[in-house]
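Chains: A, B, C, D and E, in written order; residue numbering restarts at 1 for each.
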Amino acid sequence: MSAFSRLRLDGVSRRFGGQAALTELDLTIEAGEFIALLGPSGCGKSTALNCLAGLLPLTAGSIWQDERRIDTLPPERRGFGMVFQSYALFPHLTVRANIAFGLRMRRLPKEETRRRTAEALRLVRLEEHVDKLPGQLSGGQQQRVAIARAVVFEPSLVLMDEPLSNLDAKLRLEMRTEIRRLHQSLGLTTVYVTHDQEEALSLADRLVVLREGRVQQVGSPRELHTRPANWHVADFMGYRNLWRGRVTRVDDAVVTAESAGQRLLGEAVGDLRTGAEAVLAVRPEDIRVDGAGETRNALSATVEVVEYQGRELAAEARTDTGLLLHLRTERRIAPGDQVKLAVDPRRLLVYPDGPAHRPEDQGATR
Amino acid sequence: MSAFSRLRLDGVSRRFGGQAALTELDLTIEAGEFIALLGPSGCGKSTALNCLAGLLPLTAGSIWQDERRIDTLPPERRGFGMVFQSYALFPHLTVRANIAFGLRMRRLPKEETRRRTAEALRLVRLEEHVDKLPGQLSGGQQQRVAIARAVVFEPSLVLMDEPLSNLDAKLRLEMRTEIRRLHQSLGLTTVYVTHDQEEALSLADRLVVLREGRVQQVGSPRELHTRPANWHVADFMGYRNLWRGRVTRVDDAVVTAESAGQRLLGEAVGDLRTGAEAVLAVRPEDIRVDGAGETRNALSATVEVVEYQGRELAAEARTDTGLLLHLRTERRIAPGDQVKLAVDPRRLLVYPDGPAHRPEDQGATR
Amino acid sequence: VGCGAPEAPGQTSGDTTGEVPQRPGKPVTLNVLDVAGNLQLTQGMIDEFVAKNPEVISRVTYSKAPAPELAGKIKAQQGANRVDIGLVLTGVDGLAAGIEQGLWIDLLPTFQDRLGGMRDYLEPAAAMQRLAGNAGVTVTYYPSGPLLEYLPSRLATPPTSADALLAWAKANPRRFQYARPANSGPGRTFLMGLPYILGDTNPKDPTSGWDKTWAFLKELGQYVDYYPSGTTETMKNLANGTARLIVSTTGWDINPRVLGTVPKEARIATIDGFHWVTDAHYAVLPKGVSTDTQAAVLALLAFMLTPEQQAKAYDEGYFYPGPAVQGVQLSSAPQKSQDAIREFGRPEYDALIAGHPTEVPLDAKSLVAAFSRWDREIGGGKVKQG
Amino acid sequence: MSGAGPDRPLAHWRHRLAERGVDRQLWLLVPALVFVVALFVYPFCYGLTLSFQPTNGGPFSDYARFFSDAYERGTIWITLRIALPAALLNVLAAVPIAYRMRGRFRGKRLVTTVLVVPITLGTVLTAQGLLNFLGPTGWFNRILLATHLVDEPVRLTHNYWGVFFSLVITGFPFAFLLVLSYLSGIDPTLERAAATLGADWRRRFTQVTLPLLMPGLATTFCLTFVLAFSVFPSAVLVGNPAGETRVISLAAYQAAYERYDYPYASAIAMIMGFVELVIIAVVLAARSRFYTGSTGGKG
Amino acid sequence: MATTTEAPPIRPPDTTRRRRRIAARPAAWIVWGVVVFFFLNLLGVVASVLVSSFGQSWFDTWLPDGYTTSWYARAWDEFALLSVIVVTLEVSVLVVGLSLLIGVPAAYALARRSFPGKRLVFLVFLLPILMPPITYGIPLATVLYKFGLAGNMSGVVLANLVPSVPFVILTMTPFIEQIDPRIESAARMCGAGLRTVFLRVLTPLLVPGILAAAILVLVRTVGMFELTFLTAGPDSQTLVVALYYSMSASGIRAQQSVDAMAVIYTSMMLVLLVVALRYVNPTQLVAQVKDEPEH
């Protein structure tokens, strides 16, 4: 299967009946990149991946591999590898036969097939399990078979659809490292679908955030982490504190906004004018509890709920004016404690809020 | 359904054919407690819960509610509520009917049923969706219906079997808070099954860690977090660095052990003598990267893999003697960097290791 | 509890053994089971009796079934001592099966005097009655066949001797047809009639006395395409031209033309020196019916054997002529019946019936043996060639 | 351990039984079991013992009689020769059609209904229809003659083919319904996975779907085969009951209802059941060689 | 599809879709071709009976000479078909109902539990389907007569239940296996006893499966001659008895009247089937499919 230097999605769209699952996806993937598609459930991630794989015909747009149009090719002729969310291992074939399947389909010589299968088995450390059926493997082992099967024929592009979602926390962590290692050691190009932002951040070179079938933001993990393009993305990227408010003052990028009677300084993301409705976003870990000496964005609040999370505590606190804050701290606090909180204005992002895009169940209503 | 002041499991065991799924579980649950059952997949968590619920007959042991033996009662006569992993909502009934089901079974007066259903609906904030079928709800909404259904008839005990495992990270976080709130506001007694240690830590008053059907440790979240009883529990509780080694010196609780040519000081958990085989355990976040000035447990290593995880980085580093370390840091490091690492001896736990209990795929072999 | 036969004695369903009164103590409900198609001829008689004698039979129900399953049903009822079938109308086969299994009450000679009509049987009907032994009472009779049937438009001169038939079949392969004897009245009659035509040593012994017949059938079989599984189909084939010459009986000649399955202009031919192989329907009573029912059925049978009632047996030529007793004229039959026979009947039948000897059919055992041999050697033999 | 004295042995038993999977819910089996034992097993035992009590000869003489007579013995072969290919064809024809019926498309409901409707035809209508339609002057031959495809009518009734067609018409809907349900139990993702691995549709089918479908096909084959093996009315009506379609149930029928030799009939029926069991055992043994676990599609 | 290698001009989106369909055709063509051929012939088979049953006389021609309904009238009168059909309906409804009532719980136990002797139980349920009624029909009828249960409707119903109950069990088991057992557990945790679980939760969910089993049982019951005949009384004959009589009785019977009977029989079955299908989508008869995208 010919390698490529660039894969281009051009207005790729897919509708189901009347409903649009994916709208106008434009994306260029360079060879060797690790791209993560990220977004909440039902946002069209799997749809995008299936379109790319050829499992789902497009309803508009085209896909180009260098100068060759490939969206009309059936999946077996695109030469991409795919790891399915549920692994989709062939239950009637042994581990070895599962991995060799793609090579057999390409009618490689027996010897070559054996050699490459053995290599892939070694790569995913399953040498001891070659003759088992998938049903006899643990989840993590199945996972590795699925990955080996997808990469053994050295596809020009590997697609992974939430490959880790079925694993427990410990295994998930281990597999993540494994996938990254494979990507690097085999020099693959990978498109990875997940709804777990931490996973996406830790794995990908570039992230694509989708919402309701539309791209919200494309960028590096750091960009997405520190500067989500709109409050939906922020919400998804772990900005658990989202408050609705109103802009009271604009100084270049620094805006002052008021939410639930609390005046807060923050950094504007997008076009904001005085008087505009806004959404203020801040991560729980960016709210400092030892904010007694702070002058800017200082809040005094009462702790309401505390959750033990190992090293840190997660807590909910309410300011005197009624603003609810989620925060994380290593300080030992207990419900009922009065605390002085502070937020670094550079960590508090202020987004414009149209009446059409209300944060549902969020913000000051809580 | 009569409330109780104490529920006692006495040697509860369950075998399937020849295989033991749960062995000799002894546990006393006080009214109002929030207990989490924790352990890797297949360790017997669901089995324990189902035995408690009466959905699975015991093969040995007994269950006592105060002075009353209840393990011979069918589930519908124990009066416990249960939230199932996959929600198990009745797909043919509306949200309202699903929630009212338990009240209808108890033949409460119509008026009372309506009132309590409405109250439960309010509690889980689903007033707008009363007439939908479960298939028309999002995962998080289904979750809330399942919880409302389980608590609406004010059961003396609520059992929850991995209720959050199907949700995405953001929703999971929100639901966790919700469950804790319900537990407190309704004064429930809750037994909660999960394989996610963070979830267990943040929710429960007491944790029960199972492994292969046997209790490994019972304790408060803090006990489990800081002092796992054996290295299996440690492994499960996030001590990602597990190294096999040998004890070279014992000073009361402080032992010196050698692993892959590296001498390390740590705290002994369990009976250790000089020369004994041991497993050393430390959390990634307990390895400090700015350890240049440290004298005890100082390690110099080369960074091999780095993963961006938002605020922090997760990295793998290898010491000059070949020991592989997983660490987390806020410092910006890159593959190839030489780093000085240090581990607080109080944070490095040393466990005895019998040849029968090898950590598989772990430790110095990597 | 072992796995023994479920025929342990149970309670009786009414008095079944004692003296049979002249009239039932109270009116009975009579269940009639017809396995021979006899009700077509006799239902009118029974209905009339019930209408006239409500104090004997208050209600009558009819059920119909194919003959072979009859014995099983009666056996099951008798095994449980709950016989609810009062009267069975059957052909030779069902009668014989029941006799062999001991299912029927011996009506004769005990009740001979109550059935006066039996004294007036036509001679061949009387012969059929002798065949039935003591269990059955002949209610209708016909001389049957064997006859040949053809359409004059397709076949000008039919063969009239056995040799000619063979020669014709050879000259016109696949054009001669008769149905599998086990499934077909005409087929069966043809089979039983051949020994008389060919002059076999013992026409009553198919195993050792039918050498010529079996040889003839075998040779004839070479020119037969296939043996349909019912007479209806041979009739259909005659009508549509697939077959030119088929085997028939008096009833199968007249009735299908009345019904329109065969063109009206079809003709019959006979083979020189043939004997009629007669057929009859019998009334029998299963063992285990109450004496009241027995009394009622005897009264009914006596009524049915009167000439006025027997005239109904002409029907539409279904069992031509039909009546079993002497002196029954067509003119006393229902008008519809008379019209049908006038239009579709054949004047030559009277002469043929008078001019050829009649023979009773084979007894049941021999007949089954003949079927079996036919199946093995003639019907089954076809396979290996084709 | 406290005060549970009288409970002990009872609880002990309950525990022992629970471990083996015996508990209260098995009461649900009781009505059906009682029913089948009372109304089937007992009469069936009677038939079985009857077959060992022939009218003359020792207990096995009826069996010996059957096997020593080539004409009778041959019915087994004849029946197999009809039933096996018919069952096989029904199952094999159902596969591609059911395969096409997966997924969603317009008119699916109509097509499925049409495919299921022949269930209602019944043996008699099928037989009459075949005689009328395929007979020498039936429409089928008329069309062939009119289009000069043949000079002589083709004979498709009163022989092997007549019975065969009737078995196909009555057996296919059953097979189709069953195959469709088994097929839809296979996770379609597996085939998609095969596609991404470079398998074209033919190899997707032969390498993935078919092996997974095999157990279902085996079960379907067994049920269709049982239906075909007990073929009786159509063997008489559209076949050649004296010769090439003298099936074993016809032999049993003749013994029971023409010769009234019930012991012999029972013996034949037992042989018939035994042959069926043997075939089914063979098929099920073959089935167990295939992968039989979950195929992903079912709950 | 080879043309796709050249850089193509921008095409309207549906072009690709149309091409896809054409590509899928050859295999589909063959399959649908065979299906259509099969159904044309089946149509011929059915139509020839239908036409014949209305034909006055039909010799060597494409169609009958004339048309009449007299064959139906004859059959109707001769067998008192109205009451026979009523009896048939009653019997089939009873058999279907009872066999579901007895069979579904047993299927449930077989689907959900594994216990020692399960294979034996399975064999016991398989045998009535394997064994021809000759082997057990007569002793069964005797037993029923002995307890006064035969010779009327109850006998016919009981005898027909013998093969029907196992049939329900065998067809229902996979359907029950598909229902998540946790839904039942949930109901029990809400305080529902086993009976309530069956009535309130399982039954509504099993409706498609129950209807499938019901249809198949119905077809088998209406078509079951031997057991029905052996246990029927004069007032409890079903249609199939009349049909078998008309087909295989000795004596003369016009081909058309057999055809008419067969048509009556089939129409009744068809009506029952269509009524049943009105309430259930036949595609629901099978497992819930993870729908494949449309191709």
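Basically, contacts are C-beta pairs under 8 Å (C-beta built on N, C-alpha and C of every residue); 3 or more make two chains touch, one makes a residue touch a chain.
For clarity, every value in this text was computed on a predicted model and none was experimentally measured.
The minimum number of touch steps linking subunit B to subunit E comes to 1.
Here the chain pair with the top count of touching C-beta pairs is D-E.
Centre-to-centre separation of subunit A and subunit C, using mean CA positions: 88 Å. The mean-CA centres of subunit C and subunit D are about 38 angstrom from one another, to the nearest whole unit.
Subunit A and subunit E have CA centres that are 51 Å apart. For subunit E, residues touching at least two other chains, in rising order: 60, 137-139, 143, 180, 244, 247, 255, 258, 293, 295.
Counting only residues that touch two or more partner chains, subunit A has 55, 74, 77. The set of subunit D residues touching two or more other chains comprises 20, 23, 42-43, 46, 48, 137, 187, 189, 237, 253, 256.
Residues 53-55, 74-77, 79-82, 84, 86, 88-92, 101-102, 105-106, 133, 135, 149-150, 153, 159 of subunit A are the ones touching subunit D in the complex.
Here subunit B touches subunit A in the complex through residues 40-41, 125, 138-139, 168-170, 173, 176-177, 180-181, 195-198, 201-203, 221-222, 225, 235-236, 238, 240, 285, 305, 307-311, 314, 316, 361, going by the rule given at the top.
Per the touch definition, subunit D reaches subunit E in the complex via residues 20-23, 25-26, 28-29, 31-33, 35-37, 39-44, 46-48, 93, 96-97, 99-105, 108-109, 112-126, 128-130, 132-134, 137-140, 142, 169, 172, 174, 177, 180-181, 184-185, 187-189, 201, 226, 230, 233, 237, 249, 252-253, 256, 262, 265-266, 269-270, 272-273, 276-277, 280, 297-299. Within the complex, the subunit E residues that touch subunit C are 56-57, 59-60, 79, 137-139, 141-148, 150-151, 226, 229-235, 237, 241-242, 244-245, 247-256, 258. Here subunit D touches subunit C in the complex through residues 42-43, 45-46, 48-50, 71, 131, 135-137, 153, 155, 158-159, 236-244, 246, 253-254, 256-260, going by the rule given at the top.
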